[in-house]
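Below: one structure, written as structure tokens.
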Amino acid sequence: MSSNLVSFSTSRKLDIVPMGRIGVDLNANEINRPMEETKTFTKYVGGSPANIAIGMARLGKKVGFIGRVSDDQLGRFALNYFRNDGIDTSNIVVDKEGASMGLAFTEIKSPTESSILMYRDNVADLKIEPKDVSEEYIKNSASLLISGTALSKSPSREACFVAMEYARKHNTVIIFDIDYRPYSWASKEEVAVYYSMTAKMSDIIIGSREEFDLMEALIDPENNSDEVTANRWFDYRAKIVVIKHGKEGSIGYTKDGKSYKVKPFPVKLLKSFGGGDAYASAFLYGLMEGWDVEKSLEFGSASAAMLVASHSCSEAMPTVKEVKEFIKKAEEEHGEVAIKS
Amino acid sequence: MSSNLVSFSTSRKLDIVPMGRIGVDLNANEINRPMEETKTFTKYVGGSPANIAIGMARLGKKVGFIGRVSDDQLGRFALNYFRNDGIDTSNIVVDKEGASMGLAFTEIKSPTESSILMYRDNVADLKIEPKDVSEEYIKNSASLLISGTALSKSPSREACFVAMEYARKHNTVIIFDIDYRPYSWASKEEVAVYYSMTAKMSDIIIGSREEFDLMEALIDPENNSDEVTANRWFDYRAKIVVIKHGKEGSIGYTKDGKSYKVKPFPVKLLKSFGGGDAYASAFLYGLMEGWDVEKSLEFGSASAAMLVASHSCSEAMPTVKEVKEFIKKAEEEHGEVAIKS
Amino acid sequence: MSSNLVSFSTSRKLDIVPMGRIGVDLNANEINRPMEETKTFTKYVGGSPANIAIGMARLGKKVGFIGRVSDDQLGRFALNYFRNDGIDTSNIVVDKEGASMGLAFTEIKSPTESSILMYRDNVADLKIEPKDVSEEYIKNSASLLISGTALSKSPSREACFVAMEYARKHNTVIIFDIDYRPYSWASKEEVAVYYSMTAKMSDIIIGSREEFDLMEALIDPENNSDEVTANRWFDYRAKIVVIKHGKEGSIGYTKDGKSYKVKPFPVKLLKSFGGGDAYASAFLYGLMEGWDVEKSLEFGSASAAMLVASHSCSEAMPTVKEVKEFIKKAEEEHGEVAIKS
Amino acid sequence: MSSNLVSFSTSRKLDIVPMGRIGVDLNANEINRPMEETKTFTKYVGGSPANIAIGMARLGKKVGFIGRVSDDQLGRFALNYFRNDGIDTSNIVVDKEGASMGLAFTEIKSPTESSILMYRDNVADLKIEPKDVSEEYIKNSASLLISGTALSKSPSREACFVAMEYARKHNTVIIFDIDYRPYSWASKEEVAVYYSMTAKMSDIIIGSREEFDLMEALIDPENNSDEVTANRWFDYRAKIVVIKHGKEGSIGYTKDGKSYKVKPFPVKLLKSFGGGDAYASAFLYGLMEGWDVEKSLEFGSASAAMLVASHSCSEAMPTVKEVKEFIKKAEEEHGEVAIKS
């Protein structure tokens, strides 16, 4: 019996179109030391929605993307990388006004202490404009994923709202992956305004407790109940709300009043970031396959565990077979680990 | 029998709080010639929501304002003017970072040919910030009026959405006066996005046919039916939608399925602008008095006629007695003129 | 016997080309009160080099101008005004990117207490670009006058230096009218850097003691001797340095080691600004006529006295006949007043 | 017999203070391919004046620096690197307003085809302000080196001119290394204006023929004679002018009317950039040692040859011993190679 209340059209050209950041990660090769002392970096495609796109492509889904890249070697690197993974890049605009790819230098001081040094001035991804968004493209996809950072600045912000209007018009499922990053945002009130506007238009919302608190800062600043939060958005359009609590696991709420709790897989951490995008892609994969929410959450949690044990956030995205093997092995080792209903 | 479906609390400290532009009009004293040839200008307070605030104060209502003025002689002039009319200025912020009052040089080439030369760079009114908006102030007002131009740029845009969130939380009536001005807006898509977001949250919406077309540009670009437009917003929160058609008059739609048409009063035009703000204030005055929509529209139309025959947009705002005398005189002269149901 | 060490070519098409600000003054008609309480304003052309251009045209000189005006009614007003005075406007660029004319609202609280409220955001005059400067135009003028405010921001700053390079190449006399206004400048060090660069290239320098102090802030911050100042610039290219001391009059230094002191004419002040531009134009007129420095300074001082007794800074610029009559009358009344050698 | 007409004080705390860019180079480890296909990068300190600082420190000189770095891991990396080489960093400001280190991704497609992808938005080095420049620091150095790119934007531009004013005041030798980079500059006229202003104040000027052409674009656009160029600046303050002609070598002109030609050392190129900074540091080292211009040029040329055969632009800077050995070995192999008088 499935509690999957969202139905993804299977007859459309694309299964999902993530929208937002696509950048370049420069990951320190010498780890467990401060970046002042690292000597070499390895280049990967990065940015949360780009990672999700790669993740879903590895899982076998038909993936597009709406975004903007620089007109230089790093922009072409990202486009090539996407194409090699079979991601449709027809709606990624090449910026002609001198914008740059965002850079993220990652520093791994210890398995639990990481940091990211961002280069986000004049960044191509936030220059996507309303006119760059094709109604036809969104009509031809089963779902649209809005990554929260794309809402942080104009004109990218308005481009997202235009995309959402088209999605509602053509019954394209709207997924909101909150992905809060303090840079780019002008004020906490601004975050609250645009997060709640987006949440009102979304079918599926995924975020941490802290991210939902930001979203509710104006309308209900005292609340810290996951259930109250989930129900608030069920009053609009949402059917599934996933709220993450770090090491304590995450809970998936569904509009039919049920909830499913999943705890993290035991894993040897290499770094403390990168799990969220793997989680989102594998969870959404499950929903698209018609799995119930419980099983989808477990699949997401497994993929997240695989990612935090690896050096990159995109290149390490696993296939379905790899995730299944990982789960099987974990269960053999630790018993049934992920799901506590 | 009243078809007034919106109820304004009469027990709150303020009847209405307009939000947005407050500037200085410099009206050419020598009219019927191009501005190149005018020699002297008279200074008035201006800006659509400021005019509405003055209009409603003259009609005897308790009026506040949310806005931002410059820290100079022109900013103080505007604050003094408001205070002389009994408008509460406690929530008008004095900008401390060098912003200027917006200026509007008006040029009257002929009764039907006017133009406005705007000074809107680094303008104080668009610098109002989310943190400048007091939840308490909005809670203490029966209604909040959002003027469309305040949505055209950050941070004023977000300040408006914060104010609307507070208004919904405290059952403060939200009035959206579209007041489209092309300056400041980055694109037509941006206009459509923020106008429709605001319309979804509003109880009363007032605008011209062209303004509603801008609002619907993404979701229903082909539509030109007023009824379709009104019903769209009745599906959200709106109870009254007023659509203006210039010389052919305007129509008030109500959520109970009725509509009321009003045509302009015959009047000797001095200038072709300034009527809209008088219309809005007198119409809202009628609704607040518990008059039916029909009578309120007629009252608005009369006040508009009085304004376009005068030199200013703010100083000429009439009292209740003056509007009533104007209507009486017009009816004696022309028969019953304004309303065609 | 003349100590006029600068020779102005009389065979060129133009006698002088001022470069820099051209704006609109809005002078309060109701004087002796704060601007908060004034009702009407009269519009004049303004801006120091524009006033000098008008002043020299009234004195019968052939005048051009290098500058940039807005593409609107106020820009056309300024161009028309110049043309009516016979000033060549062929090298005034009409801005096509939405810049505005600078505005100066003048407030006369009392004869000695005035203030000016500036509108200088996105101002056309500071948008003049190096490519707008014609080598031919400067070659065809006997002199180029650089107004200090034009040095306060790029690209106007670089346009001035380009003009000065052309002037040196073609033996066009360079006059530097310091005209310090704190707005636009980023720091005192910046002022010092560009003022001293300009002074090094100039034949005639005119400014107040305070302005020369700004110029010397890096190289000789302790100095307050006019003689030391004058000699510093004589070591470069300067031949005449005029240093103004407000009510105590001004001193003209010449490279041959002489100096001439002139005190202000007795006059009933209407306002405390506007005299400087009249002073500069009448003084330069004298030099161009081949008068000695002493007589030229007296002529400048007389014109300044006439201006501070009138309502505008441009419209009141006198003719040669009027200045001469003023001097004659003053001498009859007060004895020989202006010159103390 | 020495034709070294510039004398460097040996009694000051520092021998040289370069001013301008300090950034991070990210050099592709996989060479002879486009950057789209490279995987890893090695991190070096970069930026022309930073390279010169390192170069001179390796040659045993007492080196300071005036600049600005980011308040993050990359900024600290650069400061640490300087300190390890014994460079005084007391006058390098740590930016507190969110500026970033400039990045230069270098791509070596073939030994003769290289390119650099720049990240220069909101870059710390161009934010150095006039008030960051210490008169005392410049007084305590024998020489100040201005790197041309530091002139490309305010406030760095004005900071350079302030530094030059102090240098002239205290007889600190001014060296102008033109180092033209098109980014940051607004127009060719701007380049011409500020290059020629700087050249007028400099004792030693080093640049390529193309760079001198840019400098002379306004005052003598037709000229392509090195001798005319050198003599132009000898009329101001210059004593030595070095003009580079790529593979054909370079010529040093001295104010006493002599000139010295040097051709490049034969070398196996790894990359086509980085030689200039080695050239400048070794040439200046020679002058400071009191060598004649000829020998100094040869020393510079040798160091340049060593650099283009290595992977980095800073780390590979040689010691005196290494350069001497390189020259000796080259002469044994090829005969006397560098100098043709």
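The letters A, B, C and D name the chains in turn, as written, and every chain counts its residues from 1.
The working rule: a contact is a pair of C-beta atoms (placed from the backbone, for glycine too) under 8 Å apart; a residue touches a chain by one contact, two chains touch by 3 or more.
This one's a predicted model, so the numbers in the text were calculated from it and none came from an experiment.
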item: Most distant chain from subunit D by Cα centroid; value: B
item: Gap in Å, rounded to a whole number, between the CA centres of subunit B and subunit A; value: 42
item: Distance between the centres, which are taken as Cα means, of subunit D and subunit C, whole angstrom; value: 42
item: Approximate Å spacing (C-alpha centroids) for the pair subunit B, subunit D; value: 62
item: Sites on subunit A at which at least two other chains make contact; value: none
item: Graph class of chain-chain contacts, one of line, ring, star, complete, other; value: ring
item: Residues of subunit B touching subunit C in the complex; value: 26, 29, 34-36, 38-43, 72-74, 76-77, 80, 100, 103, 105, 107, 117, 119, 121-122
item: Sites on subunit D touched by subunit C in the complex; value: 129-131, 154-155, 158, 161-162, 165-166, 169, 186-187, 189-190, 192-194, 196-197, 218-219
